[in-house]
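So that you can tell them apart, the chains are marked A, B, C, D, E, F, G and H in the order they are listed, and the count of residues begins at 1 in each.
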Amino acid sequence: MHQSEHPNPNALNEAAFACPDFGRTQRKGVPEVILAESKTVSQSLAIAASFLERTGRAILSRVTPALEMALVETYSRDGFEWFPASRTAIVRREGGTASPTGGRVGIITAGTSDQPVAEQAAIVCQEMGCTVYTTYDVGVAGLHRLFEPLRELLEVHEVDVIVVAAGMDGALPSVVSGLVNVPVIGLPTAVGYGMGGQGQAALLAMLQTCAPGLAVVNIDNGVGAGAIAGVIANCVAAARSGRQSS
Amino acid sequence: MHQSEHPNPNALNEAAFACPDFGRTQRKGVPEVILAESKTVSQSLAIAASFLERTGRAILSRVTPALEMALVETYSRDGFEWFPASRTAIVRREGGTASPTGGRVGIITAGTSDQPVAEQAAIVCQEMGCTVYTTYDVGVAGLHRLFEPLRELLEVHEVDVIVVAAGMDGALPSVVSGLVNVPVIGLPTAVGYGMGGQGQAALLAMLQTCAPGLAVVNIDNGVGAGAIAGVIANCVAAARSGRQSS
Amino acid sequence: MHQSEHPNPNALNEAAFACPDFGRTQRKGVPEVILAESKTVSQSLAIAASFLERTGRAILSRVTPALEMALVETYSRDGFEWFPASRTAIVRREGGTASPTGGRVGIITAGTSDQPVAEQAAIVCQEMGCTVYTTYDVGVAGLHRLFEPLRELLEVHEVDVIVVAAGMDGALPSVVSGLVNVPVIGLPTAVGYGMGGQGQAALLAMLQTCAPGLAVVNIDNGVGAGAIAGVIANCVAAARSGRQSS
Amino acid sequence: MHQSEHPNPNALNEAAFACPDFGRTQRKGVPEVILAESKTVSQSLAIAASFLERTGRAILSRVTPALEMALVETYSRDGFEWFPASRTAIVRREGGTASPTGGRVGIITAGTSDQPVAEQAAIVCQEMGCTVYTTYDVGVAGLHRLFEPLRELLEVHEVDVIVVAAGMDGALPSVVSGLVNVPVIGLPTAVGYGMGGQGQAALLAMLQTCAPGLAVVNIDNGVGAGAIAGVIANCVAAARSGRQSS
Amino acid sequence: MHQSEHPNPNALNEAAFACPDFGRTQRKGVPEVILAESKTVSQSLAIAASFLERTGRAILSRVTPALEMALVETYSRDGFEWFPASRTAIVRREGGTASPTGGRVGIITAGTSDQPVAEQAAIVCQEMGCTVYTTYDVGVAGLHRLFEPLRELLEVHEVDVIVVAAGMDGALPSVVSGLVNVPVIGLPTAVGYGMGGQGQAALLAMLQTCAPGLAVVNIDNGVGAGAIAGVIANCVAAARSGRQSS
Amino acid sequence: MHQSEHPNPNALNEAAFACPDFGRTQRKGVPEVILAESKTVSQSLAIAASFLERTGRAILSRVTPALEMALVETYSRDGFEWFPASRTAIVRREGGTASPTGGRVGIITAGTSDQPVAEQAAIVCQEMGCTVYTTYDVGVAGLHRLFEPLRELLEVHEVDVIVVAAGMDGALPSVVSGLVNVPVIGLPTAVGYGMGGQGQAALLAMLQTCAPGLAVVNIDNGVGAGAIAGVIANCVAAARSGRQSS
Amino acid sequence: MHQSEHPNPNALNEAAFACPDFGRTQRKGVPEVILAESKTVSQSLAIAASFLERTGRAILSRVTPALEMALVETYSRDGFEWFPASRTAIVRREGGTASPTGGRVGIITAGTSDQPVAEQAAIVCQEMGCTVYTTYDVGVAGLHRLFEPLRELLEVHEVDVIVVAAGMDGALPSVVSGLVNVPVIGLPTAVGYGMGGQGQAALLAMLQTCAPGLAVVNIDNGVGAGAIAGVIANCVAAARSGRQSS
Amino acid sequence: MHQSEHPNPNALNEAAFACPDFGRTQRKGVPEVILAESKTVSQSLAIAASFLERTGRAILSRVTPALEMALVETYSRDGFEWFPASRTAIVRREGGTASPTGGRVGIITAGTSDQPVAEQAAIVCQEMGCTVYTTYDVGVAGLHRLFEPLRELLEVHEVDVIVVAAGMDGALPSVVSGLVNVPVIGLPTAVGYGMGGQGQAALLAMLQTCAPGLAVVNIDNGVGAGAIAGVIANCVAAARSGRQSS
């Protein structure tokens, strides 16, 4: 499809091309995640191989059964880490492991159905070098189930940030945000039924929160929640480790 | 505009017209409320006069300043009850007062801005013969402010049903419903900003509630919330008063 | 994933943890229903077993064929109750049966397609100890089919509350609410086509009702409709049985 | 702004321009209505003058007070017909009156607030030569108020078509359509509150109707409802008058 | 589930039950269509058998392959009429054929994909006794293809009403309505892509039409379009046949 | 608010700042238009003065009456060009006039109410050096009014691109696109009523067009329509003037 | 279904039928594309055969596997061109190849998932005689990857117009439009998740663009994007080739 | 309205009331902001007085002119700080000033119209003890304007978090997030026109961002953006100040 023709030097300002690689990923430390769902098996394998080559690590989310089988064929069953809830796979080569940053992230879910999305967030944070502490199924219909795990996260694990995943009425992130003094990231999930049941009620309720100190990501965007939480935790950890005084 | 022409006996089945007045209002005890907002001053006055004549009572909600002035002129300032928060007026004649039913309704609001709508609900319940106990501004950002008033409603006043008005994220009705053993009516209010801020987030969150025992009415429909709460309370009160054993 | 680190006593106020179990389920009497649809077969089985152990009863709704087979394997075909319309299963052990409360609930559907959702409501009410009277397919296109069953519900069975399930234009709950003097719960169903056809038209019409004494739950939320109806009926029944005078 | 340049005969096929005036208005008999709302006073006056000149009649809807004053100045208060509910004005000259067609249109409204829109429909039908029979405020909360007026429309006035205007839950057109054997045009009005309250609930409910023989126009489109009703009535009247046998 | 208890004579006004069958179907002549899609095979068969028994005719739309096979088994392949485009089946017994009314309906589609829905409308009209004239695929991108078929409908077949089915931008009904002097029913279809592509753009465009004399039904509601068209055509035909002079 | 602290050289890659001015406006020739509506009078005046200084020209759209008065005070009534329909003002100094490019743009509107938005498009094109040919009010209800003006645009003025502004059902751009062989830009306007009446129906219909060769801009975005039309016309004009052979 | 009756000469103006074929396709050069998705295999084959006969070429998009197999059977695997990403097939006979026009189109995609839709646009442009230059996966998260390919498109290939396909946040078209001086067509794709994830966010962001010189087509409408781009490029190419001077 | 009745000790579990004040505000350091818009002047004054009394500081946002005048009367013009862009007022008494925390927040706006909302965020951060660095109007249409201010924020001011306010297509937060290694909070503003123009396009685009490390708050929620940014900055600052080593 590509044919070359004589150049028109006026069309684009020369200087515009001096704009180089910003090196975002390196500096920010957020790994790219290959969303396998919207790609063919061979596309996913090829991209994964390229990542593995380049960075020593390839993370694939929403892996289809066909891709899972292809990964087993390619890397053997033991050749990659497998997270069944979120259907995430990580293939690694030497050097493909994140260095611990000292960042500490807490992850809470309201219900069982929120776990796959929460697991995505947990994986991203861990691959950013954070330590992750998870507390699943604390619900909001029984708030009392929330307090002990929350105390542990804050006082025992001293987390730097908390991701709260919730579907349905999405009330848990607001409740948590009203109780803690660390930043909270609301992660709405597509759990529910009827009007607003694909996560919209949860997202809207989080956007309308009365509890200050809460920001949100899109419905089911566990990767994005993990990324912002990991960035926050790593910034706090960097400050804690005295990096700013060096 | 009306001109008569020769009849066509086939057009409508004779029997169809035997369907009489169901006498809903009398049996159900819910007073009609004149929504003054969408009517002219003279229309509102005429309808009110007709109600007053027929039932001894006229309730007008969302009264405009012009209508308020016209009511003062017609009935004098002392000739009608005035509820400034909800801009509701009640004109009464002898016999226009609801007989106490023994029904007990609790009404809770999350914030100051929810009061006008909650007041509508309170007025309707009172005009249905219920005793109303209100607790305003218990918020959800500070759940602890909720417990003492809620205990009072349940244990001191022994309410039969609770209306919970909330805007923003609409979380309060779910929280209350999770704590009490009486029916809860969620009353979303058009308080908020941005996406979902006209009460949609509040309504959707209530529709998606995880707490069983909660039903809702439309945004800002204080009259409707009062009606269903009054019906429930009066049914319980009737049972309590031994009507079923007579 | 859990690693402990040295505690930070300032992070959460000690007093916050004194907040105990509110015992909602026990007091309110609404059984938890396991929404099997969004869980794996093994998750559902495990949760059911835990419920069975703890409360003597496990209710599973929207049971997939795979889970149905697993239930048969685990409990044998006769070892659980099966409701095919709503694909609900109830596993019981000794003591897992609700004590009759005396509450009486009427359930009406507009069409055949509304039955599965209505059945969910009926099951929840029965598991709350209520007696349930159902009248299916009274339609609204032929209002005359409505009157005799409605009279029976009110005069013969003396129901304390009526759940009305309807899809399409959702007109039936309003019509019923205009005819009766007990509380009505509108239960919109995702029956219809084109714009508003996933239950939105039905829900919106119920929210905009002109007939007082109607509150609604979300589209296809038969469990929620059963819960609020059961709470109302049980409150009326408790009053009737003179519990309030004890 | 207009400058002429040399023609390019290839750009548009010559034959394309042979497409003449279809004479829609004349044949169909629907008068054009000047929507004054979105025009300046002088634009409205100029268009009205042009219509008056050309057709002997100018109909202006949603007339602003400023335009009303300008009409008084231009034509004197007695020089035009004024319909205050819908703020419609008709200016006429000799020959500007519709010849009676024998078409008969019934118009029903659910509530007081639906009258302005219904009046638009009535005016359009009358200006199409139809006789219009109106019945306002039959409600749906009290269906019994509907039967006697409906019987009169069908049996006394023998209308050929019925326009039913309703806001809120928009149930009335379906109810009417279920009772009569003439075509029914649903006219949703922007009356209501909260979610679906700008006429959407009414429109959706009419679109989802279970009652066959109902078609709808857009929210508050009284002019459009009048046009289709007038066309139907005039077609029936033409058939009745034996035009088809000539 | 049904248990009887002692009656409460106050609950429902006696007179309310005097409301008899309005005989809608008979008078209106619109046959009921069994929407098979949302029913099980055995439910559909049972309802069909009941209709066949009662009215001599059962019409089933959106028949699934499983139901189709069951119909073949029950009635043999030749024992029912089959319309493959709309997957509609008609089972008939003696007396189950509509008497010709003289009503004449034109049906036009914009594209091939609109045919199944248009076929539904055609079937309903024919089963109401109308003669139906169809013109498929006249498009709007090539308006010239529209004129000859439209002329034939109007001048040769002298249709009393036209149904115009269109998806995508839904422009065809407005164009047709601007050209003819009979009533036009817009039938939006769920054909399209991207935003507004499930028929919403088509429906909204028809609701916003500039061409008077157009009313609409919901997306893909071929049955409803056929019903209103059949009612109109039959009313015109009745007038034409001199019924009004008898 | 600004306080400086010691630098952190790692935070942003040095190279990132080598990215210079792309000189978009100069190369593209689209003038910036100051949207006065969302700015205070003094902000608008200041920005206009700055533009005037820098480029010799300031274009202000949606000018409020207060700003209009301030412009008169600042520049005198004759000191700026005033377009009352779109409330646009252009202040110029020497050199602030666009050089003719030879680009030719046709602009068509469906109705009177579309003119203000169309005028915005016309102004932008003229300020880009194009010659603009406008044809207002050709409607779509009477397609025959369209052909002669369209022929003139194509054959007499030989326009390079056509902008078609339409509200309501937004059908005109599709019709025009089906008739011409130059690019067509659909410009939906917020003209209409009821559902889809703020321009959504028009926009969606244009997005769903069956007529190839049509692209759209947002509702009421006359400035954007003018910009893309001007860019197209100027590209064609540049090709025509032989620039590509130099 | 078709029966003829005696004509009614008044129904449609004779002159209305003089409106001939506008010959749009020939003049505009946009080939019709058979959207196979919503048609049966036999319908698609028949329409393709008819196109092949009439124009020497049939283009089928969104070809199902069943249709693909039928095409192989009918034309043999080598008898048609196959584009697997967009599942497009082109069958040709002698004379069924577009003559080169000299038009030059650039196509850019943000991500891998946007390629199928972009390929549709490319095919349409090529079949209109344009030369197409594609640059896939330049992303917006790493803007630096954009500059070199963009420079090549503009300076090496001197494209006349650029189509930019993007899902997710849809930012790439705006960025490109801000950098180049040729027209840009935004092509939103249904790539994303959660709220706005079916291409709505991408479409809305393109409609709200701050960068002038951008127009859009509907979500996933690669055919439409190719058509408008091809029309623009061919207009520029015609001007370039001196057609205007002949 | 309050009448006491005999208690029902079973209604609410005693233990439920042991749940004390969580002291959120004190620990989290986010000041409450009085949203004056939805309150009467006297309500706002009373709440402000109460805050002043209790905390030494009252912050009122969206102050109406009437309230501004009342504040001047109550506290004199010099007795409170006034921020005209966001119409925010701060009244202080001794001790009502936030102690510097060392937190550093950067705030960037895309356009002039985004400033009022951004100012709200800035005020909240400052009142939380943070130092705030603002950069207004860097746009996205001219990305080059962004780099120097961004470098200054990161390298000179070493901000811990950046708030990016943008309306229209909401692209700026994604672009910034792709360039920096600190957390970014997207703050969509209700700036725009047409579809998606009340901030929805901006919010959706931020939710769909491809750039990791971005979380959002609701449209125009400057207070919420300031709160989460302040919490993050203060957490980093606390870590930096060696709290973790104590």
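Going forward, a contact is a pair of C-beta atoms (placed from the backbone, for glycine too) under 8 Å apart; a residue touches a chain by one contact, two chains touch by 3 or more.
All figures in this text were calculated on a predicted structure; none of them were measured in a lab.
Student: Equivalent interface to B-C, which of F-G, C-D or E-G, with over half of contact pairs matching by residue number?
Tutor: Selected from F-G, C-D or E-G as the counterpart of B-C: F-G.
Student: Looking only at residue numbers at the subunit G/subunit H interface, is the share used by both copies over half or under half? Answer same or different.
Tutor: same
Student: For subunit B and subunit G, let me know how many angstrom lie between their CA-based centres, rounded off.
Tutor: Taking the mean C-alpha position of each chain, the two centres sit 57 Å apart.
Student: Report the inter-chain centroid distance for subunit A and subunit E in whole angstrom, where each centroid is the mean of the CA atoms.
Tutor: 51
Student: Once you find the CA centre of subunit D and the CA centre of subunit E, what distance in Å lies between them?
Tutor: 25
Student: Hey, what residues on subunit C touch two or more of the other chains?
Tutor: In subunit C, residues 16, 19-22, 24, 27, 141-143, 158, 178-182, 193-197, 200, 203, 207-209, 211, 218, 221, 244 touch at least two other chains, as defined above.
Student: Could you pull out which subunit G residues touch subunit H in their complex?
Tutor: 110, 139-143, 168-171, 174-175, 178, 192-197, 200-202, 204-211
Student: Could you please specify the touching residues of subunit E with respect to subunit G in the complex?
Tutor: Touch residues, subunit E against subunit G: 104, 112-113, 122, 131-134, 141-144, 147-148, 150-151, 154-158, 179-182, 191, 193-197.
Student: Within the complex, which stretch of subunit B touches subunit C?
Tutor: 22, 24, 27-30, 158, 160-161, 178-183, 185, 203, 207-209, 211-218, 221, 223-225, 227-228, 231-232, 235-237, 239-240, 242, 244-245
Student: Using the touch rule from the top, collect the residues of subunit D that touch subunit F in their complex.
Tutor: 1-9, 11-12, 16-17, 19-22, 24, 35, 38-39, 43, 47, 188, 190, 199-200, 203, 218-221
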